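Order of writing sets the labels: A, B, C, D, E and F. Residues in every chain begin at 1.
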Amino acid sequence: MSKFVNCVVCEGKVEVSDELLEGEIITCPDCGSELEVISLDPLTVAEAPEVQEDWGE
Amino acid sequence: MTFKAAIWGASGMAGGEVLRILARHPDIKVECAVSKNKNRQFIWQTHPHLRDEFGTLTFCDHDEAFLKEVDIAFLAVPHGTAVSVIEKYLEKGTKVVDLSADVRLYSAKDYEKWYGSPHPNPDLLISAVYGLPELHGKEIKESNLVSGVGCNAACCILGLFPLAREGLIEEIRIEVRVGSSEAGATPTLGSHHPYRSRTLRVYEPFRHRHLAEILQELSLEEDAVTMTMTAVEIVRGAQMLAHIRLSEKVREGEIWRLYKNAYRDKPFLQLCPAKPAHLRLPEPKMVTGSNQAMTGFTLHEDGRRMLVVTAIDNLMKGAAGTAVQASNLMLGLNETEGLTMMPVYPV
Amino acid sequence: MTFKAAIWGASGMAGGEVLRILARHPDIKVECAVSKNKNRQFIWQTHPHLRDEFGTLTFCDHDEAFLKEVDIAFLAVPHGTAVSVIEKYLEKGTKVVDLSADVRLYSAKDYEKWYGSPHPNPDLLISAVYGLPELHGKEIKESNLVSGVGCNAACCILGLFPLAREGLIEEIRIEVRVGSSEAGATPTLGSHHPYRSRTLRVYEPFRHRHLAEILQELSLEEDAVTMTMTAVEIVRGAQMLAHIRLSEKVREGEIWRLYKNAYRDKPFLQLCPAKPAHLRLPEPKMVTGSNQAMTGFTLHEDGRRMLVVTAIDNLMKGAAGTAVQASNLMLGLNETEGLTMMPVYPV
Amino acid sequence: MTFKAAIWGASGMAGGEVLRILARHPDIKVECAVSKNKNRQFIWQTHPHLRDEFGTLTFCDHDEAFLKEVDIAFLAVPHGTAVSVIEKYLEKGTKVVDLSADVRLYSAKDYEKWYGSPHPNPDLLISAVYGLPELHGKEIKESNLVSGVGCNAACCILGLFPLAREGLIEEIRIEVRVGSSEAGATPTLGSHHPYRSRTLRVYEPFRHRHLAEILQELSLEEDAVTMTMTAVEIVRGAQMLAHIRLSEKVREGEIWRLYKNAYRDKPFLQLCPAKPAHLRLPEPKMVTGSNQAMTGFTLHEDGRRMLVVTAIDNLMKGAAGTAVQASNLMLGLNETEGLTMMPVYPV
Amino acid sequence: MTFKAAIWGASGMAGGEVLRILARHPDIKVECAVSKNKNRQFIWQTHPHLRDEFGTLTFCDHDEAFLKEVDIAFLAVPHGTAVSVIEKYLEKGTKVVDLSADVRLYSAKDYEKWYGSPHPNPDLLISAVYGLPELHGKEIKESNLVSGVGCNAACCILGLFPLAREGLIEEIRIEVRVGSSEAGATPTLGSHHPYRSRTLRVYEPFRHRHLAEILQELSLEEDAVTMTMTAVEIVRGAQMLAHIRLSEKVREGEIWRLYKNAYRDKPFLQLCPAKPAHLRLPEPKMVTGSNQAMTGFTLHEDGRRMLVVTAIDNLMKGAAGTAVQASNLMLGLNETEGLTMMPVYPV
Amino acid sequence: MSKFVNCVVCEGKVEVSDELLEGEIITCPDCGSELEVISLDPLTVAEAPEVQEDWGE
């Protein structure tokens, strides 16, 4: 059985594994935002600061 | 079952692209390729990438074309020259997709305003359907006469309809950047390589004819919109940047929901991610050669200003791809038939 | 039946192209896409044109990759790093197509000469087949280990084998022009846009590693051949100009017959016309995005000098396309499966 | 009299351009070219176009640089690294033109806001003059420390100051298109040719650091301005499109008068004609290699909407050209000395 | 003293470049700019980069042109149309530099062979000097009629004369790559951006008219030479790759000595270094906008095969630059007057 | 029933219609050469001079 959490950016449903840990970073497959698990019960995520590849601009 | 197609303007840029698509279409076969100037020449003499397609098929002229029995006719001819061809085909009961601007507008008054002369057959305007399957799929299925789309118009409409139909657009400034294939296959001073190369030529400061289609399809008031065109160093591609003032403050999540709902079940519409930032806003490079329209957006922190960016390949989603998509529906085929080619990236 | 594939180097240029092809392949499915650096990231985060393909598939690392059961593994990794991966897959009984240069040469001596160090596992060189289906289709069908091709090598071999196997090449000076995708996905000074843009950088005056493959496949003597490389302003594409001194005087008609016979039943080999003159000699532009190799030629009036020009898309016929073509044969599929996409022209 | 100059960051993009200009400057001679990484190498090993200039001059490192007596130092170094160099030169009584962003803003608070950390020496901000001679010629003449300009900022300021100083700008949406040389000489993923080529990458949807300079120099409120950046397929060049809502209705003739007056006696500012239409709005192509800034405009028939377009060569008017122009004034020379080279058109 | 010049073909590509140069020439002033089609139009209406040059000077037609007293006439007109203009000017005692091909060859027989019709005034061929100051400086000084140079010819001759005059060239295969400005200012199908863009069009497999000049100036036998042309994605530039079989084995040092001696005191000829390897062989990019010709070479380890590469800007050293250089000599000025502009790199 | 003639450039078989006329120009589908019918019996063709589009080089 899979759990879901709502992405805080695009409000889409993100499937998460059962073994999720606090502090883990997951990526929203819809909008690509990185979400940090800040609590497990209730399952809550917050946007993680973006670590960008160097695209040089 | 295999349907037979005639392609008018087959020696041109958009007509050549219809040929390119149909060369691999499982259910539509090119029966005749029409060109007055290239009459009797092999198709590959004009289109080198079609060297091994269509065997010894040669271009035929107008009279010969009308003698061929076909199920559907694609007209990729200069605007103003399609109407008489449409009339003849409709009489014969042949379905028509007209890529020119001749039947894109519903209102004869609008046509006259934007194209500078009265429409020769306003009844056609009433019976024709605007050929954007994402908006008019149902009507297209039941129609015998479907227009193509202006490439810039298609790019803008596909990127903006989710917002427009919610009435969220208060004011909008549209930038469109276009490649050189948009102007067709005939050399001009503006297309002469030394001048066209690496250009950033701003050629319409406030409006462009395609605005007529945009206003019509998005139900916007002309005064709320400006549209600026720039010719840029690409061959294929159109990119819209729409700077919008929203009519009310919205959350980013709401916009996402709007777009996801609007694009769901639209096989050729893609939504860009919010992250990584360099992929958030699409460019034509990402869709070259495909029938995809890719849209990304970003909301200003004030919740009222918004930038929407959409990218297409002007010859595909902006012309031949959408035309074949419409013809699929008209012929009772699956919308995506023959149109699932991947973008060629990077190119 | 659907076969499962692993792609190594899936975050790279050639690996990305294998993904692009397999996204539409009717019989091969991507089971795992391997990348150490992009491990756990969605594929579209690296390849924006694959946004709606492969669902939520993420890159996996090396260890995880070996845990997946696959029918075939494509290795698009730097040369020198493929051998150990090949060994593991062969042990498991998995077929391998190795796009790197690790098993392209049959002779360990040649390998050492051209790559500067002894080959770590010369037995592989003996068992591997050079992966150009146009020359080795039969062996490829029966092999578990097939090499990819050097993109420049493939371009030259396909353009020259009809002459070479008749022993007609006495001396040959090869010019190859290449696009920037040939050097892979990692930025360098040479690929930095301000310097790479509009370049005509001549970077190998007399030879190039791919010459090893050319000599091997065409049975030519090194001393009879020079090969000069120029980086030009394209992203995709390789073009060979071969200036040949023929070993005997021939008529143009004989050359035509040679090429027609050699290219007959080779679905991806195309011959250019003699006329019109501007289409006689092909350019990469005409095959972009496709798996085609297009060849044209012209004979000097002295009957001894000849120019052969061949154009390919380096990522397709020069890498991923040929690799998938080989894999089709290895898996018992039709050679052209998943590879019939049209060139995107003009682009 | 001949003045001696030191160029820091001489191995970089902007520093290389200072070298290129000074190679022909009648009154300023390159005394030392500073680079840590290229220390002891000949200048032409980095800059091939300078092969026959500067004889056997080699790059020198930082310590050696400070030992040379020079009249003026050009700092073309990354922002954040200039301040300590400035301090040393000012101490020695050497005049400085700092092309980096370190002393462009007058307010330390603004600096912190836009650059993310407190300024290490706010006193410098007070003593420095913003180095745009068209606006601050008099102060520059009397200053020992002059900043360079942000290339996008220079483009915008020069195109807009005639309107801004009349208080005519109510709201403004700025589009800037930039070439690849703007990001300097170091390769990144974004500058990697396969990705950078033919790009239309929108990378700052609403603001860009250079906006700080624009607001400062044009006395505009941040909320009235947005600024969107797009990387395009050129190496040199920046182009501004400014979509303006004027604070009052004006006649076209008034705008012409404003611009003519403002540009009079500004040797590098050019005004485009109103006709022919395709030359009304400038593109970087028209000024490549020169120190010119070219501006055109068009007024909407409502008299309130206006489009202003300005084009420069980012390495010249946007960096090295303007820096040398400022140095001319600081050294008591004619503003145009060494800067009258013609644009290279078409290129 | 200031000399007065007439420029014929001033609306064209080469004529425009003469204007660009003379706009900054200290001693030659444009007295009349001739164009039938642009008669009475301001010069900047055709040449946007000349917006602030030449004040209100307008193009004049042929008759008006002959009424102006000038010291020198530059003819940048299509080949075949120069002779009658030359005749009139010579009659009036006006010096002429004819950029067309009308008086480049000394032999009327050669002219007929390469240009397909008898020369209308063979006496001119005898009196005219081939206008390459590096080879014929002395004769040019004393002549009233000097030809311009074929741009490809100039590129080849400058790169090869040090070898040729030593009799070292036994056989030679020349590749020339050219930009789009070479074909002039008139649009054609081949210059149409969608087709010309990113092209690698091989359009002359074995010879090109400019070969006539090369054979003449280097005293080579036609049979020992082939020349292949490729149109590439640049606007300005010509690059020669000459694959040479030397008539005897030589040491690299000897070649260096030959080139250094030959290029000494030739202000526009530059020799590339042997190292670093990526700068050894020049590209047009390195000389864009300048009057320089840059040559590099590399010797095969067999001591008999050699590659020479030369790059120029076709509009400068290949046309207008060399023409002005010749005119300087004819007028008793310093050869480099008005021609010392730096290349614009990178661009 | 269709007739064939050999192309004088590429030696390929070119199918020709029954109503062929002397002086008619046919194009070889293999090599694109234009062939002029110089005699009908025996059917003989010669290469026709090329009329090129203006590709501008």
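Just a few scattered comments:
Everything below uses one rule, namely that a contact is a pair of C-beta atoms (placed from the backbone, for glycine too) under 8 Å apart; a residue touches a chain by one contact, two chains touch by 3 or more.
A quick map from chain label to UniProt name: A, F = Alpha-aminoadipate carrier protein LysW; B, C, D, E = N-acetyl-gamma-glutamyl-phosphate reductase.
Since the structure is predicted, the reported quantities are computational estimates derived from the model, not experimental observations.
Each step here moves to a touching chain, and the least such steps from chain C to chain F number 1. Chains that count as touching both chain B and chain C, per the definition above, are A, D, E, F. Taking each chain's centre as the mean of its CA atoms, F is the chain most distant from chain D. Of all residue numbers used at the contact between chain B and chain E, over half are used by both chains, marking a mostly same-residue interface.
Seen as a C-alpha superposition, chain C sits on chain E after a turn of 180°, to the nearest 5. Averaging Cα coordinates per chain places chain B and chain F 40 Å apart.
Separation between the centroids of chain D and chain F, computed from CA atoms only, is 63 Å. One inter-chain figure worth recording: chain A and chain F are separated by 69 Å, centre to centre, where each centre is the mean of the chain's CA atoms. The set of chain D residues that touch two or more partner chains comprises 181, 186, 188-191, 194, 197-198, 201, 203, 235, 346-347.
Among all residues of chain F, those that touch two or more other chains are 32, 53, 55, 57. Working note: touching chain pairs come out as A-B, A-C, A-D, B-C, B-D, B-E, B-F, C-D, C-E, C-F, D-E, E-F.
Residue ranges on chain D touching chain C, taken from their complex, read 13, 179-181, 185-189, 191-194, 196-198, 235. By the touch rule above, chain B contacts chain C in their complex via residues 20-21, 23-24, 44-45, 47-49, 51-53, 181, 235-236, 270, 272-273, 276, 279, 282, 286-290, 294, 340-347. Residue ranges on chain F touching chain B, taken from their complex, read 15, 27, 29, 32.
Those residues of chain A that touch chain B in the shared complex are 8-12, 30-34, 50, 52-53, 55, 57. Within the complex formed with chain D, the residues of chain B that make contact are 173, 175, 177, 190, 194-195, 197-203, 205-206, 226, 228, 230, 232-234, 237, 239, 241, 243, 277-278, 281, 283-285, 298, 300, 305, 307, 309, 311, 346-347.
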